[in-house]
Amino acid sequence: MGSQVILKRPTFWIILLATLAFALVPALTGNLELRENLLLGAVYIILASNLNLMIGYTAYVNFGNIAFFGLGGYIGLYVVNVLGWSLWPACLIAGVVVSLLAFILGTGILRLRGAYFALATIGVNEAVKAFVTNFEPFGGASGMYLSFSSFNALGGARHALWLAYFAIVVLMGLSLWLSLAIKNSRFGLGLFAIREDEDAAMVLGVRTPRYKSLVYAISAFIPAVAGTLFFFKNGVILPDQAFDLTLSIEAIVMLMLGGQGTVIGVALGAFAYEQLRGFLLVSSTFSQFQLVVAGVLLLLIVLFLPEGFMGWVYRHLPRLRRVIE
Amino acid sequence: MIFDLTASVINGVLVGAIYGLAAIGLTLIFGVMNVINLMHGATIALGMFSLYLLTTAVGLNPYLAIVPVLLGGFVFGVLVYWIAVHRVIGSSDLMTLLATFAVNMIIIGVGTAVWTTSPYNVDVSVPQLAISMHGYTIPGTQIVAAVLAVILATLLYGLLYHTRLGKAIRAVANNRAAAELMGINTRWVLAISFGIGIAVAAGAGVLIATLFPFTILSGANYELKSFVVVVLGGLGDPAGAMLGGIVLGLIEGVTAPFVNVSWTPVIEFTLFVIILVLFPAGLLAFKWGRK
Amino acid sequence: MSALLEVEHLGKRFGGVRAVHDVSFAIEEGQIFGLIGPNGAGKTTLFNLINGVIKPDTGRVALQGEAITGMAPYSVVHRGLARTHQIVKPLNDMTVLDNVIVGACFGPQKLKLKEAATAARDSLKTVELIDRAHVLAGTLNLAGKKRLEIARALAGQPRLLLLDETLAGLNPTEAERMIAVVRRIREESGVAILMIEHLMQVIMSLSDRIMVLNFGEKLAEGTPEEIAHDERVIEAYLGDPDLASRLMEQK
Amino acid sequence: MSEALLELEDVVSGYDELQVLWGVSVAVMPKRLTTLVGANGAGKTTLLRAALGSIRVWSGRVRFEGEDVTRLSAYQKAARGLVLVPEGRQLFNDMTVEENLELGAYTARARPDYAANLERVFTYFPRLKERRKQKAGTFSGGEQQMLAVARGLMASPKVLIIDELSLGLSPLLTQQLFGTLADLKNDGLTLVLVEQNLHLALALSDYAYVLAEGRLHSEGPSREVANDPDVRKAYMGM
Amino acid sequence: MYKMFAGVLLALGVILPGMALAQKTITIGFTTSETGKLNADAAPQLRGFELWRDQVNADGGIKAGGTQYKVALKHYDDQSSAGRVQQLYTRLILQDNADFLFSPYSSGLTSTAAVVSEQFGKIMITTGAAEGKTYKLGNRYLFQMYTPADEYLTSALQAIKSKDPNAKIALVYSNDGFSKGAADGAAKAAKSMGLNVVLTESYAPNTTDFGPVINKIVSSGANVLIGGGHYADGSTLARQLYDKKSNLEFISLLVAPDIPKFASLGKAARGVTVPSQWEPTVAYKPDFGPTPEQFREMFQKKYNTLPGYHAAGGYAAGLVLQHAIEQAGSIKTPAVAKALNAMDATTAYGHIKFADGKQDHGLQVGHDMVLAQWQKGDDGKLHSKVVWPKSAANAKLVFPLTTYHQ
């Protein structure tokens, strides 16, 4: 932490380079398969790094993070599909509405601590999912199908999908930048104080309830926008796909893998996890046991490398702590 | 209408007893070692498939199958504890959540490879016990399952309150450091409690499998219901869990005549969050039998 | 002109236990006010009631004339009252400097990050911890952690500082350094201090006034001399000498 | 010193990286009441924890009945008859008085004497008998302390160590409890008392150790220690 | 010497082109739910694909424009979840060079995959994706094998009307996209047929305790039940209807009873009807490919179980694609698409014709569904018999069920 200018931080440049690489490599090579791979990587990085604001920065384990993604997708697609607006305002509306909802919800459930909070977030995800399944304006159980003509407004399917991809990559860059900026801000300092000892933080003057609600709302914004883009690209949104609790838990696994509380570590963790799952899935050797392999790996990390990859790096090369955040 | 409601209430109580038993496994582990067991659902599913194997391969009576499943569940639970959980006891909530989730992934992964995710059915019926009135029927299997659930819960209660081991478990739950000073090997008590929690969950799986077809993924549904139940009954309290289970069963039964049943999960989980926020100690506020 | 801190008829029960009962006192600007009493007398509870960690059942607390009774701890801090803990609460995985910056940022002055860093360094200098600024707080020894607590509380430039057993667990050398630190704080910043301390000689030499708490109630208040010679205080601290001799006779 | 029941030799210990004890030696003689006094933070509780095995002994030895038990954990020591009544009572609050007492007699060596011990405990503390079905958490401070001592006695201890008996108790209750301790000592129990109530502790005990800053300040027969002005200083800072 | 060399050359000249001809392969890519909750429904579909592939290859491959193409299937596990469907279809097209695509199982996953197939302009024959919405979004390359969801329950309603025009119908369905589509269609059809629906109720797809639902059915006074969802919930519902002696006279459930495993419910399965895309006993006269009977035998020989409609749909998807390629004489997409658009033919699976409008391209408009019922045969085992429409029936509909259960 401290007060160094953000532009002077190596991490900032790493983020910028990574974002550019994500955007440019598939664009210049025209490799659509690479694009699809990177897209999922970017989505997972978005999910994990925003979740990191809650878990890694504030030590509040949120299992319901995926609800933001799903709800964002629904609201965005509603705006595009039913109201017939263009994609960009839809993204913004989804982000703002979901953030507001999160802020209000947070005021209630953030009074809970530890395992109780974690349980409550599971409940939130399930309640939202069950509600949306019955909510007719969102298509209820049938979900919403995007007309292919919606792509035409953005210059045809091919063009629209590229745009959606670039937008998601930009969101990924924004997520990481936001993580870095918060880490180096007064706000972030307050969050870290809450993470270490909420009571002590309160006694030091950190307005903990407001800080927690704020970070909860912030951690909802980008995932909600990403949800709109992802399901726009997907062409269809269904309750089961939008509120998949497993994905929430996987996002936690990703940030553990990389090292909770770090910026780059979490991104690496998410990317590595996504690639690994993808590899296991298409590999002829592992595809049947991909879940088992992933489970064993997770267990080994929890038992023997609880501080994650970055934690391990810091332990062996403490100097890097200030270079790669 | 009145028969409708009566039938729904009875159905709710009977199913609720089984929810309660399933939740006891979860709440016991939470109460003793403050671990939210995310392999709970997978354990229930394992119980279901154990029943399937014991009845089809061994030809055991489905209700007698509970005994070997309880024993096997216990051994399995103790093993899992030493391998996956012990190292992370006492570290952050996140660690124990993830450790048990990892085991969950492994079980589901192996289960999927062995049994696929398609449903299995164990053909059990006890027609002589079925009760019919005005067109509403309570199947015999449901009555037997509920009774067995209550018996198992009572046995567990007896174990906790009237045996040396049970008292040691409660002592560890209450004050682990003091328990150690009394000469209790708390590490083993934790392992045994985990074993019991797993065994009870697997036993609940057996009972559920006598009622409904199931897949390796079915447990997840009961895991979520168990969360609701333990929150209703108060986290960490076995007696509360049984009551919470019945309350949940009743909620499901009693709301049905009035709203479309597809809204039931909305009601359940909204209630769950609200109760958790307003009454973190549980609506029924029992704690190890404290009134 | 009201006092800096006014406490009136403060009371709190925990179940059947009367932790604090009907305690009143006042602290003037710049004063060092000592709070003593046997273990379990309710001293730390009194601190918690004053700074809002626990809500009192009865009574009133006012800081600079403004009622702060039952306010959240952070609101109390923002009004100029900072504290340390008997059981230290460092933010372990953050550096010493960051710990103190938290205090400076969120303390009464609500400094910006950059100014906070400066204030934090000053504060660390005051408690002689500046050379450890970049180590993780969790790796400090107890004496270091205690000084860190003071630095954190001080960095926000409060009007009143509550010190809870700052010397407990320190060896004589460390304790002496700490006493010097407390003296320096008073000289440099003129902040008023309310301190709980066990070492009588320390509290006697540092305090302007002393209050004695026993079983949650105020037993005595006065200058150090008055307290030192108060029979009731000796009894509360050492146990009733008569009781001891009576027991001896029984045997 | 060889006939000592419990012996601590040069015990060094602490928490994580924080050293609290700097080589402390204590010997507890059978059928005697040994007292351990010292200011807050002098390391008394840490010494007990190290002796009982709740925290690791960094160096030095703990001997019980002549055997090296340094590396045994707390429950194993309890099983041998080394029993602690911890500071702050540490009762099983959600369990009844009777259950607390039963758990006191958890070890294999205490179980056969359960009935006898229960009777003995109820004679010492008739109040507990009246309330045997009540939850420990609902008790007042004094009753809780009685129960804590009673629970310790249920273990048929060879050495009973009591940490801060009088903490938070009224003088009257303190007096009662100390009376009970005197009786126990007369019955031949080996006791170790950690107390802040200096007068009472020294009046009752046979031998005293004074701890200051994690080291032994002085030791000797209680009467001598009681009259040592140095001790008053070390203890009170006066 | 020279002659010999020339002879060898000549021989090579004859053999090599032949070898080249035999070596050509077309790859068909798709994902299937090897894991996850859709596995039970997706597995038979995969078997259908594979049976078709094996037969085509055994017969020497698909002949198009004088070339013989062997068929290779390339598939990945989609885990019953849409998350990776687009990634995997992109991989199938780009990495595995799939020439044609089949759909995953279920309407939701198919819609997601369709975005990719449209983007790359690849033909995707969909099977197990009945929801009509997918085909009304302006696609150009989708071709649906299944009769759309909203028509699923029509045959059941017709049967009810013929047996008991005053029937009180309970419409109880799983709250998922496909089942809801079917139920909405049924509600409309019932209205236009003048039938009386006394209860419309949906339940969460993962429901296991149907007690409250069944109580509701009983109190509604319904004597007929139509609805259901997929295998897991449908089989559970059927079993509890039996356990709870619901006394219904007619039960028709979607999907579940068509999967042969349904028979493992024993008595609870007896008399339950299912709207089926296809049944082993239908007697279609195919314009190409095997007869239904031949298909049934081949399937049974290979997999040791009777095919249900999921399997038949999978098999027919291959057959239809094969026929279109052969008609087109090319494996080029525009030519094959043209052939598919023009197709109006009968196979073992029944009649096939795709809508060709801009707004509903590829929607299946030629295929008719049948109603099958689980009946006890002379061997004491349960058999699925076609009972509706009468023209296709090989058994009489048992109605009411009330006495049948005793």
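By letter and in written order, the chains are A, B, C, D and E; residue numbering begins at 1 in each of them.
Here is the rule we use: a contact is a pair of C-beta atoms (placed from the backbone, for glycine too) under 8 Å apart; a residue touches a chain by one contact, two chains touch by 3 or more.
Here the structure is a predicted model, which means the values were calculated and not measured.
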Contact-graph separation of chain B and chain D, given in steps at minimum:
1
Listed by label, which chains are in contact with chain A and with chain C?
none
Taking mean CA positions as centres, which chain lies farthest from chain A?
D
Chain of greatest Cα-centre distance to chain C
E
Whole-Å distance, chain B centre to chain C centre, using C-alpha means?
49
Counting only Cα atoms for the centres, state how far chain C is from chain D in Å.
30
Length of the line joining the C-alpha centres of chain B and chain E, rounded to whole Å
38
Among the residues of chain B, which are close enough to touch at least two other chains?
112, 260, 262, 265
Got the chain A residues that touch at least 2 other chains?
130, 133-134, 141, 288, 290-291
Touching chain combinations (by label order)
A-B, A-C, A-E, B-D, B-E, C-D
Per the touch rule above, chain D residues touching chain B in the complex are 52, 54, 73-76, 78-79, 83-84, 86, 90-95, 99, 102-104, 106-107, 110, 135, 137, 151, 155
Given the complex, residues on chain E that touch chain B span 33, 35-40, 43, 80, 175, 201-204, 206-209, 211-213, 215-216, 218-219, 231-232, 235-236, 239-240, 243-247, 261, 264-266
Would you pull the chain B residues touching chain E in the complex into a rising list?
1, 3-4, 7-8, 11-12, 14-15, 112, 116-119, 121, 123, 125, 130, 132, 135-139, 141-142, 208, 211-215, 217-218, 221, 252-253, 255-257, 260-262, 264-265
Which positions of chain C touch chain A when the two form their complex?
51, 53, 72-75, 77-78, 82-83, 85, 89-95, 97-98, 101-103, 105-108, 110, 112-114, 116-117, 152-153, 156
Enumerate the contact residues on chain B facing chain A in the complex.
30, 34, 36, 38, 84, 87-88, 91-95, 97-99, 101-106, 108-110, 112-113, 224, 227-228, 231, 235, 260, 262-263, 265-266, 268-270, 272-273, 276-277, 280
